[in-house]
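These are the structures, in structure tokens.
You will see subunit A twice below: alongside subunit B first, and alongside subunit C after that.
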Partner chain A sequence: MNEKKSMGQRIKKKWNNGDIPMWLMLFPTIFFIVVMSIYPFAWLIRYVFYDYNGFKAYFVGLANFNRVFTDSIYWNSVLHTFEYAFLKLLFVLPLSLMTAVLLQRKRFGSQLFQGIYFLPTVISSAVYSLIWYFIFATYNGVLNSFLRAVGLINDPIDWLGSSKTAMIAVVIVAVWGAFGNYMILLISGLTGIPSDVYESAQIDGANGIQTFFKITLPMLGPVLKVVIMLAITTAFKDYESILVLTAGGPNNRTHVMFSYIFQMVFGTSQAASQLQIGYGSVLSIISALIVGIVTIIYLKFSKRMDEIS
Partner chain B sequence: MAKEKTGHSVESKKTKAINGVIFLLLLLLASVTVYPVVYIGFGSFKLNSELVSGGLRLLPEKFILDNYVQAWKIANFSRYTANSLMISFGVMTVSLFVSSMAGYVFSRKEFRFKSLIFNAMVMFMFINVGSAALRPLFELAVKLHMNNSLLSIILISAGSGQATYVFLIHGFMNSVPKELDEAAKMDGCSFFGIYWRVILPVLKPALASVALLSFRGGWNEYILPLIFTMTNEKLRPLTVGVVALQNAGDGAAAWNILFAGSAIAIVPIVLVYIFASRQFMGGITAGAVKG
Partner chain C sequence: MKRTRKLAALGLAGMMAVSALTGCSSGGGTETKTTNGETQKGGSAEETKKEAASGEKVKITVWTDNRHDLDYMNKVVDEFNKTNDHIQIDYVAQTENYVNLLTMAANSGQSPDIFSQVNPTDFKNFAESGIIQPLNEYMTDKFKKVNEVDEHKYEGYNVQGDKVYWVPGGKRSGSRFIYNKEIFDKLGLQVPKKVSDIPAVSKAITEAGKGDYYGIIFPGASGPFERWIEHSAEMSGITPYSYKEGKFDFTGFKPYIEMVRQLLADNSVFPGSSSMKIDPVRVQFSEGHVGIHANASQEATVLTEQFPAKMEWGVAQLPTLDGEIRGSEACNPNTGWMMSASTTHSKEAWEVIAYFESENVLKGYLEGGYALPISKYMEEKIDKTKIGRMADFAGADYEAVLPVAPSVTPEGETYRDALWNACLQEGSSIDETIAKLNKTYNDALDKEVKMGKTKRLVIKDYDSLHPNAGTIEYLDK
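Right after this comes the complex of A and B.
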């Protein structure tokens, strides 16, 4: 009796000081972490030992791992991921940095330009990839019409269907869709640089290019590092646009790790290929590790850059 | 004195020329950036024969509305639009509640497992297994008979975005003075009452960012609804519906419907963006800096 009362009082106290409401308010967040992060991860780790086609699962031990070593399509897709990420960053970073520096101050109608450059990032990458699919079309696409009109080519280029150009086309779309996002992040970093630093540089007679390399770039350093890391991790994760543009083709030329895994785990829309979910699980964990290693190497590298300068 | 003056004007002439070139380059980049959107907008009013024959002409030779009528009535786009709206508003509502409650608790309470929960959220932001993680969730939804409603799509979309939004709210919360909570507590407000009556109104700017970003997230979701509606066309949102037409096999014959469908899929979100571009960009910055 006595204990029951004290129990009731304890609950009442916990209710009143917010301990119980706190856990209730945190419940959805914890629920999402458990159901959407931990559970799928544990599931994937279990199925790496199975051959699973969506209906029946057979225990196969380490067979899936052995297969990885001889799967040249996968390792080529890993190479393509690096190629894609490298090419994307090669254009996205300078473009976003240049536009950010030019548009941070109020001139040229900079607000309007910012608004336009950021526009692609609000559109679904699946839908804008579809639009680019029309633009790249071989015979009635606008890009070939334009290149022919200005005399750069005579015969139409099969942008998405030729293994020479497909990756270029994919990267063009990726750069178009992404640079505005990083521009905005960099502008917010630039506005954090106090204006009197620029004024004293001007008094000392520094020109625009000197100011950029001696002041803007070093002072932007911390923000730039975060932006580069975001850009790297995002570039390694991209595959939605590729699924719409080329579905990994032609001849797997534009397959990146995650588009290949998607087809293993969910099949292709064209052909209902046999699902290989267990093997896909192995590949997804290896791919996650690859992205993780790249991220860690970048973090180490950027730290070392700090120590040198 | 006179010499100095001419020197100055030469200098400003030179900077004027440089600025002119920069302006033209910015304009060129802007045209390339905006071109696909304008192209699909005008193209959606063209006759299919004009689209199929290609060419550089941007404006339609003959301005027709029939593509939209066909997409809306025959190609099911009315249903896809309704689904897209349901998903976007659903994701937005769930994200607003979940992230504001979590951000409030993380900012105001010290408790056991706090850093564990927080770190788990950060860690899983960086562990990316791609679409493979959707396989167990899909099978779970089938087991719970939730694969025939939009609810599972809404919950998974909101859940996968939650870390960013929790960080955004948490960052904003830390700038809200604790005296505000204490004054409300003095007046007899409960822990939840403080959140509901005091914190939520103060959080409005951050909530606006979360609302915009999560609405965009829901509207643009593609892989997730693609997987969940593979056998159930009625639940498809616009993104999945329009891309599915690309592979329908009709090839060039359906370009006019595809153009109108793409326009339907991007116009609403572009309109939202035009009216709230500053908040969009602000939200991106706040989310990235905290995350």
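Right after this comes the complex of A and C.
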């Protein structure tokens, strides 16, 4: 009886502390993480030792792991992923920071431009990639016509069909699709910087460039750290627009890790070949490790950014 | 106040959890929506009887990946739904990832009752994993007569042993050169008969076009190799699989790759071809910007209805290596329907298949130019004056359904991707590509035969001009 009472009291105490409501509120999220992330991951791990085409699984031991070492297309796709991520970050971060600084203050039209630049974030990447597919068209494409009209090129460029330009084309689409999102995050960071800091700098005679590098950038540190981390992880995981624009071609030139894995696990629209879910699972785990290592390295080197503010 | 907020939060959390759980608990078995709005599990034959006895129509769900015939099929389905007193067809056209959707639906017990046929690789998987069921016991004499079932049994295509899983009601022709007649007439050119003639003809067209039209076009992003190059090779007696030896051999494709490289080096290929999908290719041809395009009989309706050509166009047989036909070109049986092994309404599902492949429905289908007739019976029944440009693709006596080569999973690129990549100017070495494919495919074949995943097909007396006349052997080693 006493035990029951104490149990009841304990529950009441936990209820009043907010522990029980917290767990109850967390339950749906935890449930979905288990169902949508942990279970599929466990499912995936199961097949790394199998040749599995979605119908029947054949045990192959370590064959899937051995194959990784000789799969030149995969290792090239890893290099392409780094190239793609590097080029994307090289342009997307300065561009989003620049537009954020320009559009953060309430000026005529600043809200409109914020909306326009943010628009690609709310459009499906498959949809805007399809639009870009037509913009990049070699024969009578919008981009080639424009470049010819302004006298920059004489002959049309085969943007998506040439090994020399295909990666540049997919990076252009990636930058266009991403910078608006980071711009909004940075604007929210910029609004958190107290105005009296800028006023003091002005009194001390700091010019615009000095203000940007000595006040804006350092005080934006924590937000910038998160934005860069998001940009890195997203850049390493991008593949949707690549599948629409080039499907990894020409000659596998734009295959990144996850576009290659996607085609391995889900097949291509026209290839009547068997799915390779077991081998794709091994590649997924290796690719996840690569992205994880890159993120850890970044977090280690970006620790200083937290201390600045 | 604090207490009220906590209770409200608890209530919300509870609702979310319950909705999450209920959302995940649905599924597992087909669902049939009855007319009184209740949803029940697709159940036993007893339920079917009950439905029939109570006058309710049995719903038969049909999936298809064919979009070109959708207008006609919708009419046919409407007609059926209006006149049939015990079956209601729910006809659904799936746009993308058809096989994946079917597989997922089947694995989660939600397979449609009937679905349009799939390619040989998926057919093997579907049959061996019990997703589809044989139709032998349902077929009536009338059905067999109209569709000439016994003459159209293709092992690995629609049949496994004695079991017939789908019956073709029509076929798609092999590939043809589809050419801009006005350009050819204006320049006094002949459609190439030999593969080695293609670069010169394409170059002449491109030079005359001065940037307005080009010699030839490839759908680089929509299976360019199998679109016609592989078919031209078949007509030259070259196939990826050596039936006589029971192994893969890609050596014969070398002159084809060299030919495409020559075309690209001459700039005779429509700019941007290597990244073009099939529809933009069709548009450029129908606009008159291309001399030679190639595809199978589906182009008859595409170039007259979907993207009507703005100029006169002709159809010619594909060129071969020496100008002579040394092998049969593959054509594809189609217009067939598979029945789910898990359907609880197999009798009704068969009624729908029999209706889709009945003389009346097929007559309208074939006269509409959606497929070519495969049975002689239907060929005699249709009014050929109504089939329009489909007639240009009909009647090729050099076509046949080729024996299905073992489907293997090589460690590396598929041969179609690899051979097309070797065609590109910046592509890898032709000899290295071929050597690598020979190795990866034969290694995969040896391994998968050993594993029991597939069998080695050998036709010792294989004749490329009569591919189905030989003695087929399936070996375990």
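Quick note on the criterion: the second predicted complex is superposed on the first by the 271 of 309 C-alpha atoms of A that agree within 3 Å, B and C clash if a C-alpha of one lies under 4 Å from a C-alpha of the other, contacts with A are read in each partner's own complex, and residues count from 1 in each chain.
By definition in this document, contacts are C-beta pairs under 8 Å (C-beta built on N, C-alpha and C of every residue); 3 or more make two chains touch, one makes a residue touch a chain.
As the structure is a prediction and not an experimental result, all values here were calculated from the model.
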| item | value |
| --- | --- |
| Superposed partners subunit B and subunit C on subunit A - clash or fit | clash |
| First, second, both or neither for A:Gln104, with subunit B first and subunit C second | neither |
| Touched subunit A residues, subunit B compared with subunit C | B |
| Which of subunit B and subunit C A:Ser125 touches, first, second, both or neither | first |
| Partner chain in contact with A:Thr254 - subunit B first, subunit C second, else both or neither | neither |
| Subunit B versus subunit C as contact partner of A:Thr216, first or second or both or neither | neither |
| Which of subunit B and subunit C A:Met25 touches, first, second, both or neither | both |
| Which superposed partner A:Leu185 touches (first subunit B, second subunit C, both, neither) | first |
| Which superposed partner A:Tyr139 touches (first subunit B, second subunit C, both, neither) | both |
| Partner chain in contact with A:Ile33 - subunit B first, subunit C second, else both or neither | first |
| First (subunit B), second (subunit C), both or neither touched by A:Asp71 | second |
| Selected from 91-99, 181-189, 253-261 or 415-423: the stretch of subunit C that, after superposition, runs into subunit B | 91-99 |
| Footprint overlap on subunit A, comparing subunit B with subunit C | 18, 21, 25, 28, 32, 35, 137, 139, 141, 266, 269-270 |
| Subunit C partner contacts - residues on subunit A that touch it in the complex | 15, 18, 21, 24-25, 27-28, 31-32, 35, 51, 53-56, 58, 67, 70-71, 73, 136-139, 141, 156, 158-164, 166, 246-247, 249-252, 266-267, 269-274, 276 |
| Subunit A-facing residues of subunit B, complex | 19, 22-23, 26, 29-30, 32-34, 36-37, 39-40, 43, 51-56, 94, 97-98, 101-102, 104-105, 109, 111, 117, 120-121, 124, 126-137, 140, 156, 158-160, 162, 166, 190-192, 195, 216, 219-223, 227, 230, 238-240, 242-244, 246-247, 252, 255, 258-259, 262, 265-266, 269-270, 272-273, 277, 280-281, 284-285, 288-289 |
| Residues of subunit A defined as touching subunit B within the complex | 16-19, 21-22, 25-26, 28-30, 32-33, 35-41, 43-44, 95, 99, 102-103, 108, 113-128, 130-135, 137, 139-142, 145-146, 149, 176, 180-181, 184-185, 188, 226-227, 230, 233, 237, 239-240, 243-244, 257-258, 261-262, 265-266, 269-270, 277, 280-281, 283-285, 287-288, 291-292, 295 |
| Subunit A contact footprint on subunit C (complex, rising order) | 6, 9-10, 12-14, 16-17, 20-21, 24, 96-97, 99-100, 103, 119-122, 125-126, 128-129, 220-223, 226, 270-276, 280, 284, 289, 407-409, 411-414, 416-417, 421, 424, 426-428, 451, 453 |
